[in-house]
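Per-chain residue numbering starts at 1, and chain names A, B and C are given in the order in which the chains are listed.
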Amino acid sequence: MDVFSYNNIFETKGIEYLVVIAFLMLLIPFWITLNKKVKIAGQIRQAAGILTARTLKIPQGIFYSRNHTWAHLEMSGIANVGLDDLLLHITGDVRFNHLKNPKEKIKKGELLAEIEHNGKTLRIFSPVSGEILDINEVLTDNPELLNEDPYLKGWMYKVRPTRWIAETSTYFIAEDATNWLGKELERFKDFLSGRAGFFSPESARLILQDGGELTDHTLSDLPAEVWQNFQEDFLNHTDPSKHA
Amino acid sequence: MKSLNNPVVTIARDNDGKSVLRFLAGELKPKGKWLTPFNIISIPVIILGLVLIVIRFWKGIGSITNLSQDIPWGLWIGFDVVTGVAFAGGAYVITFMVYILKMNRYHSIVRVTVLNGFLAYVFYAGALLLDLGRPWNVINPIIGNSFGTSSVLFLVAWHFLLYMLAELIEFSPAIAEWLGAKRARKILSGMTLAAVIFGITLSTLHQSGLGALFLMAKEKIHPLWYSEFIPLMFLVSSVFAGLSMVIFEGSISHKVFFNQISEKNHKAQKGIISGLSKICAGAMFAYLFLQVLVFIHGKRWEYLDTPMGYWYLTEIAGFVLIPMILFFYSYRRQNILMIRIAAILTMLGVILNRLNVTVIGFRWDAPVHYVPTWMEIVVTLTVIFTEIWIFRWVINRMPVLRESPSWVNKVK
Amino acid sequence: MGIDRRIFIKTLGVTGVTLVTGTMLGAEVADDEAIEFQGMLYDSTRCVGCRLCEVVCAETHNLPVLKVKLKTGVLRKNSETQRTVINKFATSKGDVSAKKQCMHCNEPACAAACLTQAMHKTKEGPVIWRSEKCMGCRFCMVSCPFDVPKFEYHSANPKIQKCDMCYDRIVSGGIPACAEACGDALIFGSRSLLIAEARRRIAENPKDYVDQIYGEYVAGGTGFLHIGPVPFNELGMNTGLQNSSYPALTKGFLYSVPAVFVLLPSVLLGIHEATKNNQTNDEELE
């Protein structure tokens, strides 16, 4: 007999919508938790990871100087200056101490800043001459930005350059930069093996994986003498007049 | 913030440390001239419209409309709601492109498109209240008193409400920047992705839902426009309807609010418009084939050689096929003017299509056919003009077309 | 008089069912707990076009009583002041009357369409309109295949006007006013028995009837049933309607909604994850 009610076919719609609401509300914590675990695992892997040319970020549109600082000229005519990814992967997490302030004038090769990790320091020299307009205050509170995002959020200084063309004419850009950084990595490996005598077997394990590849943050646990050597021999920059 | 090409003109400033209330008091003052051409046309229309609305509530809907027992939905539903929502589809398409597909080229137009989408829904839901016979009961399906879950309209109504909320959340960082509320902005920005995903899902369902409203009127809509695939057709056409509106509205805003837009965004305009025209061409190509499929499925050959058949061909060939070809051709030639013309033709086509399904093709066999009264048209214009007024108010104050304040971490 | 009629109909029903189906359904008829839709059977061969049903309906529902002489061939429709109308048609079998009112479908399109449940299919059978819920959106009017609901466009407090089978009277044990007033053409009872009675009449007088009960199958079955001497399209009735329920046409869409709500956000999140590494490109290094 005709016993069914009219909303027979849509009877369960109300409950279904409630289930949908539950799904959407649970989706957010579900997704966040899922990603969190992956992020931490990734960080661990990266920490114990290998430093190769492929793990480096090399934006093609900026100038790289031989002491691993970069300069990028914006449309406004203001140049951003910072440290390249290779240097930061080698040093590991560092703090940034700015030695110059806005309105000061700087010359290419002049001491600009220091980066430091557990008391071990590296001096950073300016890739361009000009007037300093701004320093990145964010790095004081969030030093990890320097390592995480060395080319964008981790900029160090904003400079109005006075001799841009002349000074950057010998710097590396685009595919030259990529080639050069690859070679720098090899040169760094040679540098380390040249110092092999200084390292105990345990330290050696710190810097070289089984496959002969470099570990990431190579210098971070190595002693201060190695940092000094790195500054003088690898970065090869104690005397500003020596380099173009 | 001064623009680079016109350093003397100061554009709106965001709140920088002042108390919010004091800031708002200042912002509420009118900016700019009073007697622009647009104002001169729109103010009398709006006033007349308000008078008509009062009459409508006093004497019933029939006093200012031509709605009949045969044709209960007319211009306000067919045009304001159904077509208006199709045009607001730009919001979900653009946010999909930028936040999901990471097509960052379009990032600069997200805010204005979302603002437009939000305002469109607010005003068209508002226009809906005018069309309701017993609007005091509109809270019934909302507060749980009577959930008609079997109804497609129930779904559409709820989606409208939720979508307005999602769009508001997506737009709220701009409001926070305007008010100088840094922490609020951070929190609201974190909610953007969730609001975008929610918004896209809602849009998909209610763009097609507006089509599904007419599924039960099987014998009442002319067979050339009725099919079980109406929801799908509405969904696909909402893509190019929304994007055409973005092109159209963007072209106007670009001229009117010229000095707010940064140098970078001015240069990017051409690339954005041509990119959108490519997407429109693609969507319309797919839509045309969908129409062919549905045509064959419905065995509609016999209807072609009739007046309605010619009208159908006009809609499809004149206002879908031709603009598609125009989009295609002008994208290849990078001809911005042609793209704009194609956008206008497309929009006309969408208006035609929606009206054909909901009003013109609905009870096409009725003895007295429905033609809107001038009063319905005035009220429609009132709604549209009021929306434009609010839009203009927001653009002149909040960082939508102009750059965000400097404290915002712009690098993404 | 009401009680007598009920006994009469019940007797009729029992006889009819016994004759047609040959099974003893008497137990079911007497059983008041059986949930069965009630309906009405209208017989055009017995209708004389007196329009008493119209008058009584108007009086019962506070609507204006129309003093009109039936003109043959003029198609009147129910309106916001008339819940039912009788039309007279000149047909191959002479002048035939047809009553037009709400069909009280088994699966009403209006009730499925109503987002506030103002249009409601009661368990007794009649489809009623509830003013305290209605927002006047008129979606029921758009959806009804018979174009039944009518709207008071010129009122500030507009109502939907349609036949509700005098639901208040039914609930308190009575029968619809029109069925009560009508001499012979209109009877009220449970749908199954009415169909049986209709079949009986057709079987016994095959020359007087077209072998079809309008309402048995149309729109998935309706509560208002109509039998007559000529094909129904000659009586101003729509014979092009489908024989399945109208709400089922929205089934495909409404069923997919929850699934889309679950799948689409998941897919979008997935694409978002997959395209994450496209973020840093040269356009951003400004």
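Structural remarks
As a convention for this text, a contact is a pair of C-beta atoms (placed from the backbone, for glycine too) under 8 Å apart; a residue touches a chain by one contact, two chains touch by 3 or more.
On a predicted model such as this, the values are computed, not experimentally measured, just so you know.
Across the assembly, the mean Cα position most removed from that of subunit C is the one of A. Between A-B and B-C, more C-beta contact pairs are found at B-C. As a whole-number value, the distance joining the C-alpha centres of subunit A and subunit C reads 74 Å. A separation of 44 Å divides the Cα centre of subunit A from that of subunit B. If you average the Cα atoms of subunit B and of subunit C, the two centres end up 38 Å apart. Among the residues of subunit C, those in touch with two or more other chains are 111-112, 247, 254, 261, 265, 269, 284, 286.
Touching two or more other chains at once are residues 7, 9-10, 13, 17, 24, 75, 152 of subunit A.
Annotation for subunit B: residues touching 2 or more other chains are 147, 150, 198, 264, 411. Interface of subunit C with subunit A (complex): residues 34-37, 105-108, 111-112, 121, 123, 191-192, 221, 245, 247-248, 251, 254, 258, 261-262, 265-266, 269, 280, 282, 284-286.
Of all residues in subunit B, those touching subunit C in their complex are 57-63, 65, 67, 69-70, 72-73, 96, 99-102, 104-105, 131-135, 137-138, 140-141, 145-148, 150-155, 157, 193, 197-198, 200-201, 204-205, 208-209, 212-220, 228, 231, 264, 362, 411-412. The touching residues of subunit A, counted against subunit B in their complex, run 7, 9-10, 13-14, 17, 24, 28, 75, 152-153.
Subunit B makes touch with subunit A in their complex at residues 147, 149-150, 194, 198, 264, 409, 411.
Listed in rising order, the residues of subunit C touching subunit B in the complex are 77, 79-80, 109, 111-118, 131-139, 141-143, 145, 147, 150-158, 238, 240-242, 246-247, 249-250, 252-254, 257, 260-261, 264-265, 268-269, 271-272, 275-276, 278-279, 281, 283-284, 286.
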